[in-house]
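Just below is one structure, and these are the notes that go with it.
Note that the chains take the letters A, B, C and D in the order they are written out, and that residue 1 is the start of every chain.
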Amino acid sequence: MLALIPLFPLLGFVINAFFGRRLSQVVSGGLASLVMLASFAVSTMVVWQLAGLPADQRTIEQSLYTWIASDDFNIALTLRVDPLAAVMILVVTGIGSLIHIYSTSYMHDEVDSEYARYFSYLNLFAAFMLILVLGGNFPVLFVGWEGVGLCSYLLIGFWFKKKSASDAGKKAFVVNRIGDYAFILGMLALFTRFGTLDFQRIATIVAPLAPETGFGIISVATLLLFIGATGKSAQIPLYTWLPDAMEGPTPVSALIHAATMVTAGVYMIGRNAVLFSHAPETLAVVAAIGAATALMAGTIGLVQNDIKRVLAYSTVSQLGYMFLAMGVGAFGAGIFHLYTHAFFKACLFLGSGAVIHALHGEQDIRNMGGLKRHLPITYWTFLIASLAIAGVPGLAGFFSKDEILYETFREGHTILWVIGILTSLLTATYMFRLVFLTFHGERRHDAPAPEHPEEQEPVADDDAHRQASDASHRPAKDELHRPATGALHRPAKDALHRPASDAFHHDEHLHDAPPAMALALIVLAIGSVAAGYIGLPHALGGQNSLAGWLRPSFTGAATLTAPEGAAPEAASAGEPETGSAAEAGSLELTLMVTSSIVALLGIGIASFIWLKRRQIADAAAARLSGVYQLLLNKYYVDELYDAAIVHPIRVISTEGLWRGFDVKVVDGAVNGTAAIVSGGAAVLRRLQSGSVRAYAGGLFVGVVLILGYYLWR
Amino acid sequence: MDLTLVIELLIIGVTFFMLINASAVLVLAERKIMGFMQQRYGPYLVGPHGVLQPLADIVKLLFKEELRPKGADKWLFTLAPILSVTAAFAAFSTVPWGAETTFFGLLDRPVKLGVTDVNVGLLVIFAITSMGVYGIVLAGWSSNSKYSLFGGLRASAQMISYELSYATALAAVILLAGTLSVREVVDSQAGTWFGIVQHWWIFLQPVGFIVYAIAGVAETNRAPFDFPEAEQELVAGYNTEYSSVRFALFPQAEYINMATMSAVATDLYLGGWHGLLPFYTPVDPLIEQYGLGWLAFLAKVGGFLFFYIWMRWTLPRYRYDQLMHFGWKFLLPVSVVNLILTAAGVLYFNG
Amino acid sequence: MIPLSNYLVVSAILFALGTCGVFMRRNLITILLSIEIMLNAVNLTFVAFGRYAADVNGQIIVFFVITVAAAEAAVGLALVIALFRHRESLNPDAFTSLKW
Amino acid sequence: MAETFAFYLFSGLTIVASALVIGQRNPMYSVLLLVASFGAMAGLFIQLDAPFVAVVLIIVYAGAIMVLFLFVVMLLNAPQEDALPYDHTHPFRHPVLMRFGGLLAVLLVVQLSYALLRTRDLHVAVAGRSDASVVSSVAELGRVLFERHVFAFEATSILILVAMVGAVVLARRESGQQ
């Protein structure tokens, strides 16, 4: 039963991968969406079944077979669904299927084989993501972990003929490797400490322990795991791959880099809540990193001009939120935000995708504007999602974000709370900057979007591809080194983003999202509105059902019947009947008010600047050009890494390893061997005189010598 | 110096004497029979009915001049005839020609009629006859003449080819008799089957006998296999360049070989000194009783030799390639099959 | 009766003569002959040992040696003929080139 | 007494004949002398109570193999060893080395004789059981050959067959030549 959930997408992947080039778009796309829907149906059934169980033993486990069996290292391929996993599989399959449907029309300009390839990747990703979520122990989770990494690489580099895309893919992959390395180390540390890698067992072992003080092995292990998480979920210091990942098709960005994969880190921490909660130092680190990331990404997002990049940074910052929640021990809140964020961020990405689609690959918001008229559906859904993310009361983002802030404050991390508030202000601001610049005002054509006919088709004949690649390679560099002029190159480059289509376009030629896209948009928009209410806090008369639902997963009480509140954070996360319910409620209310005020304030600022007085922005940019450049270039982090890590490594491997070791030592050894052999042969060749008698003589000398030896011995 | 030893030495001498004279007798016989077969007299001037003709021939040969062609190899040219005749004589050394006898009790212990008797006598015969090849080959080669060379080559090729069938045929008899000593083989043929048929191996080895006869003819380079001295093709073969005594030795060796062949055939197939005729006759016991088996032996050998000569003047000469094909592709397989069948039979009846 | 060592000495001398022939003669046929001499020296040793150890296996081995010698002679002479056809010489030093 | 004389006669003949084979420039003589040495060696074999081996030696060696040699000599008709000058291009073909071979041979003789002299117990080891009847009986030979060594026997028969085919193939002049 459980196995079916990942198996359906896997089936789709297999079919699309092997027979895709013979299938028509309708078939392959329809198939892909269908398997996702099937998987979704199965997941719902599973969750239903799970909900039927009593609260303290809500877990369904299925052990497929013994995967690794070394003497004391036994790993079964275990799938296990518990409340946390239930939420995740619903998100993954649900939103996943929506995005599949969306993609069917978004990618329809690809040639059939590419189309099938795209969907096979997408299905594969879904399968791996589900394995990640359902994995009952670390190795299985790690399989999914690596699998989604692979798929994200494949999908980011989907238009691999374009250098920037393939580079971005590589970057994502490599950066993730760093995290994965730490992750593996963490796993090993855990194994050495606990002798098992099964989540529940670890939780069972850890739960009775007292939270360790100072850096014990748990702290180290969890820290390592968290580094892995930063890699996967784009936190400081490993977040830099995510913005570049926007090279991939927009639905991919929506699915992988907003809704599901990037939340894997959060999920992983939630999965090991018990473990993490026993390592306060780690938690502190997590919280700090989360907050810092949130703030930093927010600031960067404030000035980016690429619609997708803005969204990417907002994703990073929202992920920061989640980690903040995890760090302060509000696991429920973190997952809650994850869940809501999945909706509105997916919606936002899809919306931006619709915009890009309508504009035939235009991504620079400075070349947009006034699209409200042309793309009503897109506009409204986008607006709703923006409101949600901005945390306007009554929408999904509001509840989750507020819960995070509330928990943060209640846990006493005032600074972090301030940062959070600040970030939410920034969030509101840059989101609405995006909205206003994109949809309001007049359409701007100041930066021309040149059309190179031979560059529209990523899969073009060779010289077209060459021109395309270098035409896109140049801006990729400029973007790093000459950001000011980078803006000029972007359209040229983004002309390549767009799926191949008719070359010319006019305003009246703009068309709104086609039905499939529209469906996905609307559903997600509704989700962004409604998703929050399942976590309605007590302060608003709700009984935070999601937190209650998730609690067992965090207490580790899912299997062992541990007393309630064995893990304090869970108790505080969802125990309305504690004595301090009243003042807790009042505090929460006040915080809500503040944050909603902040949100509205942010929206106000945004409307004031980018709707009324647009020159203020330019003036500010001009006056604070230093800051502006700093932000525009993302704090020069890429350059920093480039100088600090990439370049030294390149130099070492070029000069030391290649020119030094490989050429001198390895090749030297090989050639030396050959030289020795040939030299020796040149000498020995004299022995092969061809004169039979000489050979006989040698033989005979041997006879005499041997005989002599045995005689005179 | 007791009498027996004297007798034994005497027997050796007698054997040698008989062999020497055999050539003379055979020459005469050959010519007489040839004449008879060709409706003419043959030699009749020298002596009564020309019986002294061989003597005259020998004298003539002795008084001829000894020629040696230019460029001939001195030693080998002389050695060749000696080799061949020596081989011929030596081959007979292990051929017995009579039963053990005490000459009517004259001697205190019986003596064997025959030069010697070794337990591998037959093999010795093979060995020495195979030595005979050298004489001819060397003769052919050393006389530095193409005719001789071809004759020599042919002779040796032919002898080697037919030696195989010849030996294989005899091997069958050896299997039957279960011994390599000729005398024992002969004695294994004593008696009769059902008192009617002589207990001769020829009756069990008809094929073997035929093969042996043919091979023997070829072995001795006799017609119809006398290619080494095919006048029409190469003047006189390996002895073209020879004259006088050296020449005389070759026919000598040839006739002695014929005698040896016949003697061996008699010993191995025709019961040697056991029984006169193929079927039992009242004289047989008398022969045994008075130790006159050697007379019967001589009779059979004579018959065989007559068959030899008869064949020579009856059959036309083969072609050389036919000879080789016949030897390798017919005679040898037949003899081998015969040998195998015989072995199987021996295994079946005695094993 | 003759001591065994006498036969062994004889065979040693014969063997040495054979090797001398192999090394000194410049005629392939003679070299083959020398090899035959060596083989027979060995045969003599076998038979002598077999005789003095009262074991027939010595003679058995001699049969095999003779058989192999026959095969070797046949092939060797065929080779000699083939070589002689190529160049009108029997000198082994004339065939030092590994291919032509 | 007689057998000692015979031994020295035969061995002397064998050695002298072999030496002449080596010393001979004319292959024709070499072949004949080798035949002679085989005859003498057959005598040695007979003295060693191995008449069968002796006869086989004569039949096979003298009667067949040597005739084959004789053929080849006559066929090629290259009686004299051609005095093809040594090429000094290669050290191994220097005449000195040819002599060196002879030196080696002498060395071998010395070694072997030394070895023989050292092995005093040789006679003792075998003196005890030296009855001629065992080794001289042909039947016994046949039994051992066809029972214990039957596989080797078959193997040699196959070897002979292969050698025959090989010889034919080698000696057949290719269609390309004249």
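Assume contacts are C-beta pairs under 8 Å (C-beta built on N, C-alpha and C of every residue); 3 or more make two chains touch, one makes a residue touch a chain.
Since this is a predicted model, take the numbers as computed values, not measurements.
Colleague: In terms of Cα-based centroids, which chain occupies the most central position?
Modeller: C
Colleague: Considering only mean CA positions as chain centres, point out the chain farthest from subunit A.
Modeller: B
Colleague: Express in whole angstrom the distance between the two chain centres, defined as the mean CA positions of subunit A and subunit B.
Modeller: Between these chains, centre-to-centre, one finds 110 Å.
Colleague: Any idea how many Å lie between the Cα centroids of subunit C and subunit D?
Modeller: Computed from C-alpha means, the inter-chain centre distance equals 5 Å.
Colleague: Between subunit A and subunit D, what is the separation of their C-alpha centroids in Å?
Modeller: Inter-chain centre distance comes to 89 Å.
Colleague: Taking the mean of the CA coordinates per chain, how far is subunit B from subunit D in Å?
Modeller: Here the centre of subunit D sits 31 Å away from the centre of subunit B.
Colleague: What positions in subunit B touch 2 or more of the other chains?
Modeller: Residues of subunit B touching two or more partner chains: there are none.
Colleague: Which positions in subunit D touch two or more other chains at once?
Modeller: Residue numbers touching two or more other chains: 52, 56, 64, 90, 93, 98, 100-101, 104, 108, 112.
Colleague: Would you please write down the residue numbers of subunit C that are in contact with two or more other chains?
Modeller: In subunit C, the residues touching two or more other chains are 19, 22-23, 93, 96.
Colleague: Run through the chains and report each pair that touches.
Modeller: Between chains, contact exists in these pairs: A-C, A-D, B-D, C-D.
Colleague: Show me the residue ranges of subunit B that touch subunit D in the complex, using the header's touch definition.
Modeller: 73, 76, 79, 118-120, 123-124, 126-128, 130-131, 133-134, 137-138, 141, 149, 152-153, 156-157, 160, 163, 180
Colleague: For subunit D, which residues count as touching subunit B in their complex?
Modeller: Against subunit B, the touching part of subunit D is residues 28, 32, 35, 51-52, 55-56, 58-59, 62-64, 67, 70-71, 74, 136, 138.
Colleague: What residues on subunit C touch subunit A, complex-wise?
Modeller: Touching subunit A: residues 19, 22-23, 92-93, 95-98 of subunit C.
Colleague: Mind pulling up the subunit A residues that touch subunit C in the complex?
Modeller: Where subunit A meets subunit C, its residues are 688-693, 696-697, 700.
Colleague: Under the touch definition given earlier, write down the residues of subunit D that touch subunit C in their complex.
Modeller: 3-4, 7, 11, 14-15, 18-19, 21-22, 24, 27, 30-31, 34, 37-38, 41, 44-45, 47-50, 52-53, 56-57, 60-61, 64-65, 68-69, 72-73, 75-76, 78, 81-84, 86-87, 90, 93, 98-102, 104-106, 108-109, 112-113, 116, 119, 122-123, 126-127, 129-132, 134-135, 140-141, 144-145, 149, 152, 156, 159-160, 162-164, 166-171, 173, 177
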